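Below you'll find a set of structures to go through.
Each of the two complexes below includes chain A, the first together with chain B, the second together with chain C.
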Partner chain A sequence: MSESNSATESKNSGIKKIDDQGILKGVEGLTPEKIESVIQQVITNETGARLKVYVDTCVHCGLCSKGCHYYLSLNDPKFSPAGKVKQTLAEIMQKKGKVSPEFIKQAAVIAYTQCNLCKRCAMYCPFGLDVAYVMSVMRRICHKLGVVPLYIQDTAHSHSVTMNQMWVKDDEWVDTLMWQEEEAQEAFENLRIPLDIEGADLFYSVIGPEPKFRAQLIFQAAVIMNAVGENWTMPSMPGWDNSDMCMFTGDYEMMERLKRCHFESALNLRAKRIVMGECGHAFRSVYDVGNRALGWRMPPIEIIHAIDYFNELFEQNRIKIKKKFDTPVTLHDPCNVSRGRGLHDKARNLVNATCSNFIEMVPNREHNYCCSAGGGVINCGPPFKNARVESGKEKARQLLEAKEKGAKVVIAPCHNCHGGLEDIIHHYNVGMELKFFGDIIYEILDLP
Partner chain B sequence: MINCDSWDWDKGKKEVGKFSDWREKFSYIEDISFSPDGEKIAAIVKNEDMEFTVSTQSEGAEPETWETGYDKVWNLRFGPDGRLSAFVSDTGEWKVSTDDNTWENGYDFIWNMRFNKSGVIAVSAQKELSYCAIINDVPWENEFSKLTDMVISPDGQSSTAVIESIPVLEGEIFKFRGGCYSVAVNGDAWDRNFMNVWKPSFSDDSSHVAASVRTSYNDYYIAVDGKTWDTPFSSVWEPCFDPNSQSVIAPVKRGGKWFLAKDGAIFWDRPYFQLWHQIYSPDGKRIAAIVAPEFGRWTLAIDNTPWQITFSDYLTDPIFSHDGRLACIFKDRGRWGVAVDGKAWDSIVDMAWIPVFSNDGDNIAVKVKKDGFYHIALNGKILDTKYEYIENPIFSPDGSTILIRGCQGGSYNRDVISIKGGFSYA
Partner chain C sequence: MHDLYSFFTGPFAWLTFIVFIGGSVWRFSSLWQLAQKKDGHVFEYMDTKFALRSIAHWLVPFGSRSMKLNPAMTVVTFLFHICLFITPIFVFGHVILWKENFNISWFTLPNAVADVMTFIVIASCIFFLWRRITLPEVKYLTTPSDFVILFIVAAPFITGFWVYHQFAGSAFMTIIHIISGEVMLMAIPFTKLFHMFLFPFTRGYIGSEFGGVRMAKDW
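Take a look at the complex of A and B:
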């Protein structure tokens, strides 16, 4: 990246030294008047009673603190959920929007890089206050002020130009699919990645990093689809990327554009349903936030996460395996599909169908700790990497505990979780291997 | 518009081809499709040398394979004029081949095949990381570092696309905010740059282009021939031209609700939770659009009056008949159906495609899927005949018969039936 940052953030500080050009340069043009105007506009037109109730109801009891892996890892009240609200929206509302550019700078760091929007704290709040929502409002204000960390802002720009998060051009997308198809055909004659098939039972969508960095996942998905005789398709034009960093920067207008593109891509082909790859935040975007922003109560087409789809293949005996994966595994429950969608039991069905030795991570299911990468935090890039990994100390403890019980492989059915856990595993010398469900299934698949 | 005056409209069924013939001849067959007149079927296959190529079959004849084989073939399509085109690649060079005649110019990649109504072909192309559009083998003179959303004009003489007018590198977020994107028409960029541009479209006479743009994160406009409307909105969807004038209409968002605007001013003053896919009636006098009058309920509005009936899941493919009737496809509680002039057909199906009106507007036929088989639904009732595959139905010019192109028991048949009755219904 040309307008790059140097990663010089001090330990455990997060906001002591900001070295992100998106934030630093972003605040340069701000005036108190502009800040107040944008804040009033967002709070008056976009939040309603929900924000006020959340902020006013909090009695600072501190019960949310132990729900937050930042607090648990860093042991500093500033990182408690209530503390983050106090440093951002609570002060903004108290001062009726009359805050300084310096305040916005600090608030941007807190909202974008010190909260994964994982919603775990909401389960521990006696009032059920959703701090992730409050942080999202803070991000929305920062977006409208143009104060967004450089790396995630760039990703949002990619979405706006290409409809995917990795600047993958239209030709590169199809070329990558053809490359993966050819690779697969070397092992499986006549295997296809069918493009633009009308009336397919299944429209398979992925996130931008798959064609860019993890093309083997598309290869594996194609082999699995072909092995089970799926009537499936992928689109040749934009709409293939289900991801959504605009949801996390606060660019909701672009989020709407992305989700419309994705849904219409599948519906124009008259697919019966969308199956999406192993990504958590994208599921939140298609199943909760993006669809509702466009006016749908639920997605306009059935859309299921890969956990759900793979589990269905095993439950319906559509898939044959040579033998179960026998290296001891543990399972990381991604926040957005576990706490957000309740797929944790299906994930366990799938682990048990595919693996012979499953060791639970504790706590688990909806109580699992975030990987520290979610909510767009990993997408804020190198300037915040050290702080992010430090906030994953509690996760590292969890992993090491599972390792002590014998687990050697961590199954993480989410791309961001993979990125976050990879950094944690490396930083804390955890020494475990990471896999997607797709990796495991591909490995044990009984192919003719 | 397909010109079908000269087609065979005599009632009766013809077998155009048999899948078993193809299976016997080819080790690899992709999806078989029909020509618009139903006289021919075609698919991508592998020839004896295991090269990708294309084969076609007509009634009473063996499958006939293109002479040329390729490393790769994709996007096989019949144009509205009945010609068969595909993207073909040899030694890494991509071209368009139409009826086995290959274009002269080759590219590192081509995609997004677009036809105008008479079958002129435009494609997007990339060579040495420079991008342009091509019409009938003639590329734009100017190339760009990025190109998206290419479309061809109604007269087939022009193409337009969103282009990166100022090269911007990944991570250059402040340069990006300054505006690095524009619209090019036949390779000539508008003289103004924007933060983003989406979905340019031509006027009916092909002489003007309008697009959605944003100049900042908070200011969205419609731009016409490079000039923005005076008023910004918090968001906009793609515009379209009035067929009778150079006016432009577009959905615009203000205060969290959607409205229809015309030439920059609010035109439909009723706020909607959503509004998109606006269309003009053929005479240009009426406008319909997909709207959500309340959160989670979808319907069509015509001249700013929503139908009484609303649907929970989805609404698509609004279409006017020549005489001004209005139909669409809906999805409600997981099932699909057809709605015409504010009333839903009783028949509910697993999937439905775009409604097709007869020229006089009296009859409507729809390709539908139910219980795993395709059918034709006619005027609200599903015909009993089942197909493993069908194309959209086409009415004869006089509206008395329908051409059905479908596959039954592995036979690809062209069937012309009278609409006057004698059907069994599913």
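Take a look at the complex of A and C:
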């Protein structure tokens, strides 16, 4: 698959020529009648006053622009949050759903690839209008119309077939765990990755890409768990994957199945709580979106992100380190766990407990810029890669600023952020190394 | 002229109050009912403490990062909204009308102060117009109705300024002033001006989400 994206701009939009078979083929089958009926279905059955108020209350002041890294990077008003609403739901509501297939094509590109659903703009709009919610409604409409970027739809298909994001078969999952167990035993004698232990203190879940591409992260987590003597377990059957691309395609029915499977997997084992690996979107899916869809105000079982867990290990003095990591580091606050769960202070505690030289990037905490990969944007794949990296220009500037102050390593406790930042670092020649907290802790861990 | 004056300060004024209050109640209650039917989560997550925390930060000048990034807009917006509300309620000419018609009265602003405040509203509207025409991110969002709304808001103040300073044709302008004020009030329930009533709810809801679920600041 070619990674190039044609640079011809169409006349009236900020969208470059679309080279995505999921969108193009999907639009081919649309008629104005079908579009109108699906839109009416979504608007009348699935939304209410919230959407109406968000679209109607916007006074077009433009203050949200500075909240959006797309706008800041590209300096084009079509990429401002309100600008994206104007090109999607505002027009749809004004025309009561009477829009063309061509309109849906553009709207799909905007909703799926020009918004990371990072919710930063809600902090810049004086009214607190939540444009991420509006974009999610647009994605929902596109999903119901069958107009979804090919790559992310493939991961959604994988979810529906295997209950994980990466087409990992049941035997491959267990096989991967056993392989990592064996690898880790070289560092740590008698190390186990305990499977299906009932009543464990901690149920550890990861995202599909960990066994698929980053199996060493499972190995590192196993070493840390063993080093601190944790009473933990992982499930041998589906439910191990906490990720959720269906949440981002707008396939909420499938999202509910996935979240139920994950929660039940832990609850069936009577685990005391779930600890999840360093992933942002998965955290959003279990802590904020998926549980609500299933009717739980908050998750039905305590569920904490790795930042929280690692921080706890240090606060309770359960972990011994040889010495602090001494290369100067900076910290990227992932949207879904800082703006999404306020873990930025714990993340800083953890940095200070593990590293001797910490340099802040600015702005930070709730105000940090997204990596441009979140919200399923990176999962839309190669057809949108160049555009995604261009929209990370502001992020690159922020990274370079931290580098000038001396930072050599970026800690990013989120998989999507890793993917996005890796591309940004490469494209803009930032020359910094990326790490998870797990990488750092594994490196400095004092093994018994 | 006198007949016109009587009509716009009499029956039409009553119509204005009915449309403004009735329309606002109708719009608000229809949104409320729709929310109860369709947006259960809004009521579930709404949290008084976090809602007020967020509203407070956004009602204090420079209380949010967004305001710090846009200092001119912040100063103008605050002055504009304060003057927009205070001036018509406390200007001497209006309080006299309340006294004459309903025999109720209250504190009045010194004329010079009211004059300056009126001027601030007009100047702010010019600033907003300038933003709409020149700033690309605002220009892109601007629709014809945004200009109409700006004009509806500016008109009572421009005409009021005119009448107070007795410029040419001020008798006729008095009637235009009354009509423009009435048009503004009647427009509130049916235009984006309704944001004055929705602000506490939109801000309060996102404040509740950020405070109660996301455990993060939203300013």
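As a convention for this text, the second predicted complex is superposed on the first by the 433 of 448 C-alpha atoms of A that agree within 3 Å, B and C clash if a C-alpha of one lies under 4 Å from a C-alpha of the other, contacts with A are read in each partner's own complex, and residues count from 1 in each chain.
The criterion applied here is as follows: a contact is a pair of C-beta atoms (placed from the backbone, for glycine too) under 8 Å apart; a residue touches a chain by one contact, two chains touch by 3 or more.
Just so it is clear, the structure is predicted and the values come from calculations on it, not from any experiment.
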item	value
Clash or fit (per the criteria above) of chain B with chain C on chain A	fit
Partner chain in contact with A:311 - chain B first, chain C second, else both or neither	neither
C-alpha centroid angle, chain C to chain B via chain A, nearest 10°	120
First, second, both or neither for A:180, with chain B first and chain C second	neither
Which of chain B and chain C A:113 touches, first, second, both or neither	neither
Partner chain(s) touched by A:297 [first = chain B, second = chain C, both, neither]	both
Touching partner for A:88 - first (chain B), second (chain C), both, neither	neither
Touched partner set for A:386, first chain B, second chain C, both or neither	neither
Touching partner for A:123 - first (chain B), second (chain C), both, neither	second
First, second, both or neither for A:190, with chain B first and chain C second	first
Smallest distance from any CA atom of chain C to any CA atom of chain B, in Å, after fitting	8
Overlap of the chain B and chain C footprints on chain A, listed as residue numbers	297-298
List of chain B residues in touch with chain A within their complex	27-28, 30-31, 72, 74-75, 108-112, 124, 126, 131, 146, 148, 164, 169-177, 181, 195-196, 198, 214, 217-218, 220, 234-235, 253, 255-256, 273-274, 276, 292, 295-296, 298, 312-314, 316, 331, 334, 350-351, 353, 369
Sites on chain C touched by chain A in the complex	31-32, 34-35, 37-39, 41-42, 44-45, 54, 58, 64-66, 69-70, 73, 77, 131-132, 135-143, 146, 192, 194-195, 198-199, 201-203, 205-207, 209-210, 213-219
Residues of chain A defined as touching chain C within the complex	47-50, 52-54, 56-63, 65-67, 71, 77-78, 80, 82-83, 86, 122-130, 287-288, 292, 297-298, 338-342, 344, 363, 365-367
Footprint of chain B on chain A - complex, ascending	1-4, 21-22, 25, 45-46, 143-144, 146, 150-151, 153-154, 157-158, 160-162, 167, 169-171, 174-175, 178, 190, 192, 194-197, 199, 236-238, 251, 253, 256-257, 260, 267-268, 270, 272, 294-298, 300-302
